[in-house]
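Note that chain A is present in both complexes that follow, paired respectively with chain B and with chain C.
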Partner chain A sequence: MSEFLAYLIVGIATGSIYALAAIGFTLVWQTSQTINFAQGEFVMLPAILVLLAVKLLGVPIPVAVLIGAAAFVLIFGVGFKRAIVDPMLPHGVLPLAIATMSLAIIMKEGAKDGFSAEAQSFPSPFAADTVSILGTAVSVQFIMIIVVAFASIAALQWFVTRTRTGRQMQAAAQNPNVARILGIPVERMVMLTFIINAALAALASFLISPIYLAKFSNGETIGLFAFIAAIVGGFNQVRGALLGGILVGIFDSLAAAYVSTSYRLAVPLALLVLIILLKPEGLIGRKEERHV
Partner chain B sequence: MTAETDTAPAALAVRRPGGRIDAALVTILAGALILWFAPVGMGRYGTYVLTLWLVMAIAVMGLNLTLGVAGLKSLAQAAFMGIGAYATGLLTAKMGLSWYPAFAISAVATFAVGLVVGFPALRVKAHYLAFVTLAFTSLVWLFLRNEQWLTGGTFGLPNIPRPTLLGTRLDDALSFHRFVVVVTAALTLMIWWLMRSPWGRAFLALRENPVRAASLGVDVRAYTLLAFAIGSAYGGMAGALYAPLVEFIDPSPFAISASFFLLLMVVAGGSGYLFGPFIGALLGVVLPEWLRFTGGLYLIIFAAIVLLLLIVCPKGVLGLAEQALGAVVRRFRRTS
Partner chain C sequence: MRNWIIGSALAALALASPVAAQEKVKLINVSELSGAGATAGTNWKNGIDLAVAEINAKGGIMGRQIEIVHYDTQTNPANTRAAVQRAIDEGTYAVLGPVFSGPIGASMQIAQRAEIAQFVGGEAANLTQQGNPYIFRTSLSQTAAMPKLAKALATDVKAKSVAVVWVNNDFGKGGRDAINAELAKVGIKVVADVSTEQGQADFAADAIKIKNANPDAVFAYLNEEESARFLRAARQQGIDKPIWGETTLLGAKVIELAGDAANGVKGHVGLSVDAPMNPLRDFGRKFRERFNYPSDHNGIKGYNAVYMIKWATEKQKKFDKKGVADTLRGATIKVSEEPGILMDTTILKNGDIDRESFLAEVKAGKQEIVAVLPPVGP
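Up next is the complex of A and B:
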């Protein structure tokens, strides 16, 4: 039982990181119909940038984290929107989706050739202690990951629903034409979602890299789990992405412990297929309408 | 959101049925003839690269049917190639079967698996298919890697024999290359014929506007599934040629990234064009040979080329060529 609780907490912790990636993914999808196949690489890269800043500039870790996050948000938030999404969106969803696949390859191979093909350790901001919960020793790191991730998601939810800018952003996502008529700067709002996406990806990167190490190929699994989380929860809901992320994290953690380590990936995948077959709009998603 | 906003020109649909000799048909036959003689003097490795190009082109051709013609985003083509390659490898190397029945079994098996995997595509919106097929590719790869008793796991499957023709084994590079040329030409002709048939037109209608196609009496379910299954079978057949070409297979060329790569080849060549896959595979298979001096950077260069191509011309190399040709023709008409 105590073993089960430990796996459950690890699952919730990694799941809340997947949720961060999945929320960014859904936000960008909502406002610009961009299916970002590079989302996993978006989570892989910021940690690499930080390590690169330490290596090249010789700055201490906290400064490097700031530099890495700022550079990442600038290049893969603002730059991604300007250089790739804007020119391609008029041509439809498919070329853009494929462009993000190219981007994923470039980011992955770039991290491999430009930094390292080996997994690098990434410092954890949290103490390496354990605390006892219901008689189970739980690493403080996992507790802190859950706290930080949930606080960020709560702050985002507050921003989206309670502030003027956040509500404008929602309006721009739900109906850009009407939003434009109402005087909402839709373009700026779309840009804002790309910036938020990049920031969430950077946060996810800094939280997950101390556990999984920073490696160029990390994006594959993280991206897959973020997609699964987004679809399981409902493609068009922030709350859905949160629920989906945590479910995927728990499934993955329990599968690794109780099913088999070589097939642990299969369990979240089975969850995905099951959801798509039984409830394609996701657990708490809305059905999307179709135009002719 | 409209179901499919991307509309590549319907170049695959032959515009004049009957009457004049079809340019596509001539190109296929002439291309086969040139490729039959092309590797003379190219050496063993040059011939191998040329053959690999054709094998990949078959897989890309199948994906071109699913994506460029029926408008279905599939990330499973590498998995189908893997199934075909392992089926052929196991049947010929371990069970001593001849290549021909193994090829047929690979094609039928991937067609059947395509039907089963494609079924979710009927239930959900098109962009979900990408994720279902992504999941499928991961599962196939896991299976190939983990079930060592069957597939050899990461150690791979060695000693896959080349096919035999008229009692002689096609062991040297040139004769196997010519064998592949014939198979590729036959498979290209099949796609050419398919696109002229009412089925092909139904596929196009499906891509342009599924809802309208349905209201015109096209059975969307059946045709979606069919397009996906045929495309998958092409993946399987490409795998069945890949296994004897390389003579040793392991799970790595059939992973998710390979599926992304195949999709990029479709788009690079020009999705929806009959000869797009050959251009795309040329960029994906032969270009790395020319870029060897860059070391490991060729993947980045290829992806960057595709990205630029998509930004400049989302219809791929052949779309770009068609635009240029159109401009030349217009100028010519104006001056004459």
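Up next is the complex of A and C:
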């Protein structure tokens, strides 16, 4: 039982990071009806920007984290929206999806050539100790990851549902034409969504990189798991992305423990197939219809 | 005017003639400069570059400058095969690399068919058990290292049970089979046999599994980045038993990546810039000055490979590709004859090597050699 609890906590911790990335998928989907295939790279890059700031500017890590996060939000929040989404969206969602695929490759290869092909150490802000929970030694780092990720998602949920700006964001996402008639600054709300996406990706990056190490190829794994999480939970629901992330994290951890590390990726994929067959809108997603 | 044009043309032809081209000896390195093996491959490449720069600065090999070319295999066996074939087609004098055992196994037949010596960084036991007379290691094989490790676990740690965590590739499988056989010989029981994947990012579940098996010691046999991730996960999950490993686990890059989690790790080290031997320490200093970071064992291996080629060429007194392999098999290269070899090294008939090695421990983020072990052979 204590062993199972340890696997469960590890699964929830990594799952909550997947959830942060998966929320990015849902935010972009809600505002532009497309999939950001560079979402994994969005999580990979902020940690590398931080290490670059340390290397080039010689600043301490906390300052570098602020610089890296600010630079990332500016370039891949505001810049992504202005330089890629705005020009591509009028041509349909498919060109935009392809553009994000290209962006993923550019980010990955750019990080490899501009920084390093090798993994780099990324410091953890949390202690490497363990604490006892129900007789099970549990890593403080994993507990803190869960706390930080859940707090961030709760804050986002509060912002979206309980504030005027958040409700305007929702309205802009659900029906931009009606929102415009009601006087909601739709463009500004969409921009805010992309900024939030970039900020969540940066947070996920800072939480996962001490475990994965900072490396240009990290986006492949994270992007895949986050994508599965978003589909499992429901692509059009922030709560769905959270649920999907946690489920995928737990399934992954239990698969590594009780099945085999060789087949661990197959288990979340099997979950994905099951969801697509039985509940294609996701566990708590809304059904959407399109007329073509 | 006409004579001037003809004269210029003849001069240009002379410059482009084979005589001018022969002034250089071409070496092509085929290694893992990106992908899962980037750390190992980059160190290997840098070791080669250092050796080439030194040799060229001293006049080259028998008066010829070395022209070095590097190809990135992306740690992909198919790419490695293509790169080795390309190296041979482009007239390399010998093939340098790769470092990972899987890509070596997938590509070594190409150099063998071309009768060109191939110098590799792999440690998997099976590489030199296939009767390929053109393959040459630059490090000890698993069959030479594991008996020393099993003995140390039995006598130093007094372990009765060990958890073995290994990477599921040719390198890891070979190491796991070799250590399990040696542990059985010294009466140590393997209580957890944990397979992990190359490129695996999250080792938390594996660490929990090992912790719950409650072994007297842990033996980790993983590649560089995975070693660091495992050590971090082991410390995060509170594994407080001795963690032992072979060369890679105590490498400079692993120590750098794992941070404090590497402290206390012990193991067998085939090559180390911290060894109490001046040539190795001098190499370590030169490497750090040139590349601004400490070399791991792969840097030494790459450096050794170039000097093995130089020694063999000067020994045979001609540039004969096939002769390089013939000269090296069964030879002993002494530091007194060729300082670039760094340690007296015997090359066995099958391409394995034998020489002294070390027991080491990581203390305060640095590898410290605690004992020098003799060669296996007489």
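By our rule, the second predicted complex is superposed on the first by the 291 of 292 C-alpha atoms of A that agree within 3 Å, B and C clash if a C-alpha of one lies under 4 Å from a C-alpha of the other, contacts with A are read in each partner's own complex, and residues count from 1 in each chain.
Keep in mind that, in the parts below, a contact is a pair of C-beta atoms (placed from the backbone, for glycine too) under 8 Å apart; a residue touches a chain by one contact, two chains touch by 3 or more.
Remember, it's a predicted structure, so these values are computed and weren't measured experimentally.
Enquirer: Clash or fit: chain B and chain C on chain A?
Expert: fit
Enquirer: How wide is the angle at chain A between chain B and chain C, using CA centres, rounded to the nearest 10°?
Expert: With chain A as the vertex, the angle is 70 degrees.
Enquirer: Regarding the shared-chain residue A:A128, is it in contact with chain B (first), chain C (second), both, or neither?
Expert: In the superposed model, A:A128 contacts chain C only, not chain B.
Enquirer: Could you look at A:I61 and tell me whether it touches chain B, chain C, both or neither (first, second, both, neither)?
Expert: Neither: A:I61 stays clear of chain B and chain C.
Enquirer: Which one hits more chain A residues, chain B or chain C?
Expert: Ranking chain B and chain C by residues of chain A touched puts B first.
Enquirer: Could you say whether A:G92 touches chain B, chain C, both of them, or neither, answering first, second, both or neither?
Expert: In the superposition, A:G92 touches chain B alone.
Enquirer: Examine A:P210 and indicate which partner it touches, taking first as chain B and second as chain C; both and neither are also allowed.
Expert: second
Enquirer: Just checking: does A:S262 make contact with chain B only, chain C only, both, or neither of them? Give me first, second, both or neither.
Expert: both
Enquirer: May I ask you to decide whether A:F227 touches chain B, chain C, both, or neither, giving the answer as first, second, both or neither?
Expert: After superposition on chain A, A:F227 lies in contact with chain B alone.
Enquirer: According to the stated criteria, A:A137 is in contact with first (chain B), second (chain C), both, or neither; which is it?
Expert: second
Enquirer: According to the stated criteria, A:V78 is in contact with first (chain B), second (chain C), both, or neither; which is it?
Expert: Neither partner.
Enquirer: Does chain B (first) or chain C (second) touch A:M101, or do both, or does neither?
Expert: After superposing on A, A:M101 lies in contact with chain B but is clear of chain C.
Enquirer: How far apart, in whole Å, are the nearest Cα atoms of chain B and chain C in the superposition?
Expert: 5
Enquirer: In the superposed view, which residues of chain A touch chain B and also chain C?
Expert: Of chain A, residues 112, 262 contact chain B in one complex and chain C in the other.
Enquirer: Spell out the residues on chain A that touch chain B in their complex, using ranges where they run on.
Expert: 33, 35, 37, 83-84, 87-88, 91-95, 97-99, 101-106, 108-110, 112-113, 220, 224, 227-228, 231, 262-263, 265-266, 269, 272-273, 276-277, 280, 288, 290-292
Enquirer: Could you please specify the touching residues of chain C with respect to chain A in the complex?
Expert: Counting only chain C, the residues touching chain A are 33-35, 38-39, 42, 168, 194-197, 199-202, 204-206, 208-209, 211-212, 225, 228-229, 232-233, 235-238, 253, 256-261.
Enquirer: Of all residues in chain A, which touch chain C in the complex?
Expert: Its residues touching chain C are 3, 6-7, 10, 13-14, 112, 117-121, 123, 128, 130, 137, 139, 141-142, 210-213, 215, 217-218, 221, 252-253, 256-257, 260-262.
Enquirer: Under the stated contact criterion, what part of chain B meets chain A in this complex?
Expert: 1-7, 67, 71, 73, 120, 123-125, 127-128, 130-132, 134-135, 138-139, 142, 145-146, 209, 211-212, 256-257, 260-261, 263-264, 267, 296-297, 299-300, 302-304, 306-307, 310-311, 314
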